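Listed below are the structures to be examined.
Next come two complexes, and both contain subunit A; in the first it sits with subunit B, in the second with subunit C.
For the complex of A and B:
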């Protein structure tokens, strides 16, 4: 098996090296196969041959900045051309591989008639870009309202303008045999841990894939444990969030064509902190975070507990709830487990249908789900209203998680809990909880512990995890990131300044 | 990896027998109260109060009892089960009641089954019924949907104010503990209501005597600190005054001198005048007079009650148990022999700090 596997890898490598030895003529011939590849000479006296992909370049730019100057001034060599054209980064080369890469990313190929092997490459890429819009999955009422777009350079710009220092480094790696996607790794030199940076870069380099479409591909392929239901990198669409985690000493990964930026190493509590928390006073932010954590526990455990208690532990039901519960359960033909699974699956169906449909149709799904399925199911005696309330609340609670990937995981991990509640009752729920806790304990994000401030216990890091202390208490960067510079600001000086201010007022 | 997973798989194979039987809520019949009536010397009648929840939500639930005669409580359970369409489960039992005659014969044999059952909570109430238990449980009371709920709520709120606290755990603790004797409240059905008549005093597990509700209040005062509860007394001039207890504290000091133990009970009551018939409480000495009078009459009644306990050779206050904590080289045999002669001093200080909003 292993031998066969090794041979397969070798075979692949061979084919990729074949590709590199393409002659210039071969390349042009290949390109001619496409209808949008244009090669032309303007008149017989024209000293150059110009070729480009019509669909990749900006035609206005070609006419105004390239063809116009060439026809006006008598130039004959590529060097003269390079000096003439008001375009930066013109490359003159013979390297076929470079020519191919540039040609296919929107450069114009200019050859001299006399020496066709020498080429000048003029950038003229047409960028079709979307307007910067407001964040949708991480919307906040207060705070900045711009979100990342699909264009990598605009995304990088949005972060760089927030951290205007030369220490903000960007490393670029091309990934994907077919897509040639630009992946940028951004970090603040001197703050981000060197080991973390190397881990990220190495893992991105190790990715072998043909078509890299979105940042989530990177998450899936470079995370520590691919089989874990928990996301191990946070994806965000907020440039302000990226800027702030960079200054904490984390690393951001930008992928061209993706409006999501990955940040890491991350910890579990970070998934429950909305970025809006930092715009509110610390009491509110802490209260909301605790509510969110409670919501997650409720979302995961409420339906399994319902199943466990109704199936095994009738003693645990408060006596005033007994008769309403029996009354609402008595007409139902299913055992609690089937009832719970039917309702849970219904909610998942509603969510899935709502997510797939256009917004306007999606509204009707809400009505169908809320009124038709909810009320009718109870009236038809298919579910009890107690469970309906529990399941609806649990679904609602799962949506409070600020990070979308995490809220999906939370809705999914409910099902093993429900099944084990049916098999062993409360003990089953506890066993399942044990499994998940030990899994979380083992999990790492870029090699750093996943549930970090809690285990291993970092008391100083608790200041911004399950709750958020005031900003002036946030003087240190998270200990678990092992940053190059542990201090965010000089807290002593801040203290002195505050005191000085009081003196003046006296 | 392969070994690990196959081990886990084998483990599952071995544990196929280790599953608990599901007891889905609507497929079982809960018992909420258990009662025992006297039939003959070695036969008792067990009564189970089973609330019947109707299938529709807007029909009120029904109070129902099933009963059967037998020698042991588990045998009775079997007979009861033979009458029920669904499995009877006693995990939600709230009250266990004994007919007076059953209690006189001794209850520990009857509750042995309950004691061994892990599904029965230790915080359930026990009670002695003056009269027929089945009649009491059968009645559909207008104040509560189930008789079990009525009784448990009645006992719960009265144990806060009027009668000393006790439950299954307390009963067992006082029964098995050295130097103490258990007690239970006495209930009586009167037309559409159930009354608490007082406290049933037990010697070992046998009902020996009872005290009235008014004496139960004194007993509560002697046994634990509490709030609320009112005490009515007649002043020398023939008028009645009612004092409400706002907070009381009791302290026991047990001393021994040459093998002669002595018990001092010191009670501090902070109270308020609830009702005073046309007595102006504005004058300072009136309040003083009421305080003195209430404390002296409480002291007198307390002494009577303690003498009563001593005469019966029972110890529901757990004096022997308290003494064993305070006396070095305590010998329970010796204590029990001397118990009737031990001098007990009761000192009660009443402080009235509030006379209401009238003056």
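For the complex of A and C:
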């Protein structure tokens, strides 16, 4: 049955993916169907036919740089035209497929009247772009305030100007049957691992999809395990972050039309490092990272433990804590599990409503939801205020995760924990944790282990994972990445400088 | 010659420390004090050391066998005794691994039934734990090494809990005078009982080819055993100074009972948390055992390891639910102890001697 089904799908694919070969006349005829396609010749003596999509090209440019020279100088052939026009990358070709691609990405098509099959293609694309703005999801108080925009070339520019070396390579791949999206893979040659680069390029080439809207499509389709709740590539909107991970030996993937850039291979601890950590002194940065990790554990485990302990092991609560707990729980008509799930779902509702509304209305929703509903629920005796505190804190803690995709995952994985706490108490929580452990141990990011520096244990890599040591101790690139050049800078010289002992009065 | 595993399936030599130690710790540490106390009284801590040192010797012998054979026990057996006899001997090892898995699993379920959930059925817990073990084991040896690594790390946290009974302990002089409680023969008997605590290192015979530069891993393996000795010794000394002899004789799970007096400001009755966390230590045992058995079967018969894994998990499940009460679980432990004792103390030295002789004879017969 399954085989038959597979075969049927395969058959369908074949028929739809066949590249139709169009003749040149056919192409022009198809284009004429659209109102914004313009073909014209100036007078009978004019030797060329010019056609372009009005909505794709820059009209100023066409008039000033193309039509003006052509009408001024007496030229008759395309080769003369190519020499005359002050524009680079003019192509002269007969290949219909190339003509189609270029025409539809903002090139002007110029034909000789005598030999209409030969065409010159002049780039004249008009780019509508947004101003570079400040990062919103990864905002930092100190440090650069640029964020990526939707235009691929501007994004590449923002990174390239930070790493002005010829070894910074960019490979471009076109993905998407309908959208023809430009996807750029950026890496530093000689530092990034060759195998990783090959994996990335191969996986992007293998993507079969029609409409590639955003970088997150790429993440979903090229990651190692699509069914994992954890993101396996970090998406960022900060050019400084991309430049910094590139110099570590990672690879960045830019997608045209997306203000997010993907970086990988990545590891779990990296999701809990905000880029601002690098702008603070190392004690503060380390402390904040540890607080964030603690927040994640609290966020995932606190409600399940509440359910487990109040359902099965209330002996575990110390005597002094027991009386306020009992006072808050007495008279509540629901078992702890129901109470917990109702509150967790309420918090999710608030978040979802807040996320779908404009900022100002969103704030109102937060106040109404958080204060009014919360207080009313406790006063009505539907939930205990202890649980309300726990759930609210857990939600707050989940928002400390700097990477948005990861904080979503963390909120989601709380629910299996709550259910297993109801089934087997503390043991259930541990069994659930075990299943997540087994998943994380098996997970890879571009073929590299996901929870490295912890397992496999790489002590040298711990310097910038769970905590962050001073910058001059960060002399080596992560071992995990198997980089071509393990030294970031001359760490011996840095060490000598550090070790030069200065006496009190020198 | 059976093929060796590929490089990307192998682990670094130092992981042998975690592999050896996590397999040894298991459930036995939760209640071994009572049994050795029965044999040698307050002097039985000496037996822990005797037993542990003898295990180090056996480990050395095992490494000699493996370094010469350069592959796992199935290949070594086939090489020494031919396909059929070698195969039967390998099958014995596989059954023995499964016996160890069943013992660990059933004993842990027993602990849960006594301490946490008295009404939960054995089959219910067995299904959950075996599913968890399956999800680790299908990940392959690297994933299993990972859970062993984590189980040792988690174990270190639990070691610090001995602080609480030490604070309460009244009589540190219980174990004095040294050798004042037992004869030398008693000590040997206690050492034999104690060897159950060190069983499990022989899974090395299966995962040896999965270690990069396996000769270099030997020192880590010895460290692993030494760390086990240290843990057992620490637990025993704390238990001996906390309990009197009569109390200990009546306390089945003495280490667990010690957790009861853990006194933290935010949690009481720590043993609930402790037993739950112990899951990771038990599951690493079970996974390693299941992996070793399924790997051995794959080497013997040409069926995929994944299918063998499902089959042996079913076998383990059926075996586990046969034992219904405390007495039978105790019997199972005693039986495994006996089998294990003879396997490591009798079979491994014999294998060593036979291997040496056979290699010498072959060398003589076929020249170099």
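Simple rule for what comes next: the second predicted complex is superposed on the first by the 476 of 506 C-alpha atoms of A that agree within 3 Å, B and C clash if a C-alpha of one lies under 4 Å from a C-alpha of the other, contacts with A are read in each partner's own complex, and residues count from 1 in each chain.
Here is the rule we use: a contact is a pair of C-beta atoms (placed from the backbone, for glycine too) under 8 Å apart; a residue touches a chain by one contact, two chains touch by 3 or more.
All of these numbers come straight from a predicted model, not from anything done at the bench.
Visitor: Between subunit B (first) and subunit C (second), which, if any, makes contact with A:315: first, second, both or neither?
Guide: both
Visitor: Once the shared chain is lined up, is A:442 touching subunit B (first), subunit C (second), both, or neither of them?
Guide: A:442 contacts subunit C only, not subunit B.
Visitor: First (subunit B), second (subunit C), both or neither: which does A:361 touch?
Guide: Neither partner.
Visitor: Is A:496 in contact with subunit B, with subunit C, with both, or with neither (first, second, both, neither)?
Guide: neither
Visitor: Taking the superposition as given, does A:426 touch the first partner, subunit B, the second, subunit C, both, or neither?
Guide: So A:426 only meets subunit C here.
Visitor: Looking at A:434 after the superposition, I want to know if it touches subunit B, subunit C, both of them or none. Which is it: first, second, both, neither?
Guide: second
Visitor: Can A:455 be said to touch subunit B (first), subunit C (second), both, or neither?
Guide: A:455 contacts subunit C only, not subunit B.
Visitor: Applying the touch criterion given at the start, work out whether A:331 contacts subunit B, subunit C, both or neither, answering first, second, both or neither.
Guide: A:331: touches subunit B, not subunit C.
Visitor: With both complexes overlaid on chain A, does A:371 touch subunit B (first), subunit C (second), both or neither?
Guide: A:371: touches no partner chain.
Visitor: Residues on subunit A in contact with subunit B in one complex and with subunit C in the other?
Guide: After superposing on chain A, subunit A residues 312, 315, 317, 319, 424-425 contact both subunit B and subunit C.
Visitor: Under the touch definition given earlier, write down the residues of subunit B that touch subunit A in their complex.
Guide: 19-20, 22-26, 28, 30, 32, 51, 53-57, 61, 89, 91-92, 94, 119, 121, 145, 149
Visitor: Give every residue of subunit A touching subunit B within the complex, in rising order.
Guide: 310-312, 314-315, 317, 319, 322-332, 335-336, 422-425
Visitor: Which residues of subunit C touch subunit A once you look at their complex with the stated criterion?
Guide: Residues in contact with subunit A: 11-12, 112, 116-117, 120, 128-129, 132, 135-136, 139, 142-143, 146-147, 149-150, 265-270, 272-273, 275-277, 279-280, 283.
Visitor: Any idea which subunit A residues touch subunit C in the complex?
Guide: By the definition above, subunit A touches subunit C via 312-313, 315-319, 321, 424-427, 429-431, 434-435, 437-439, 441-442, 455-457.
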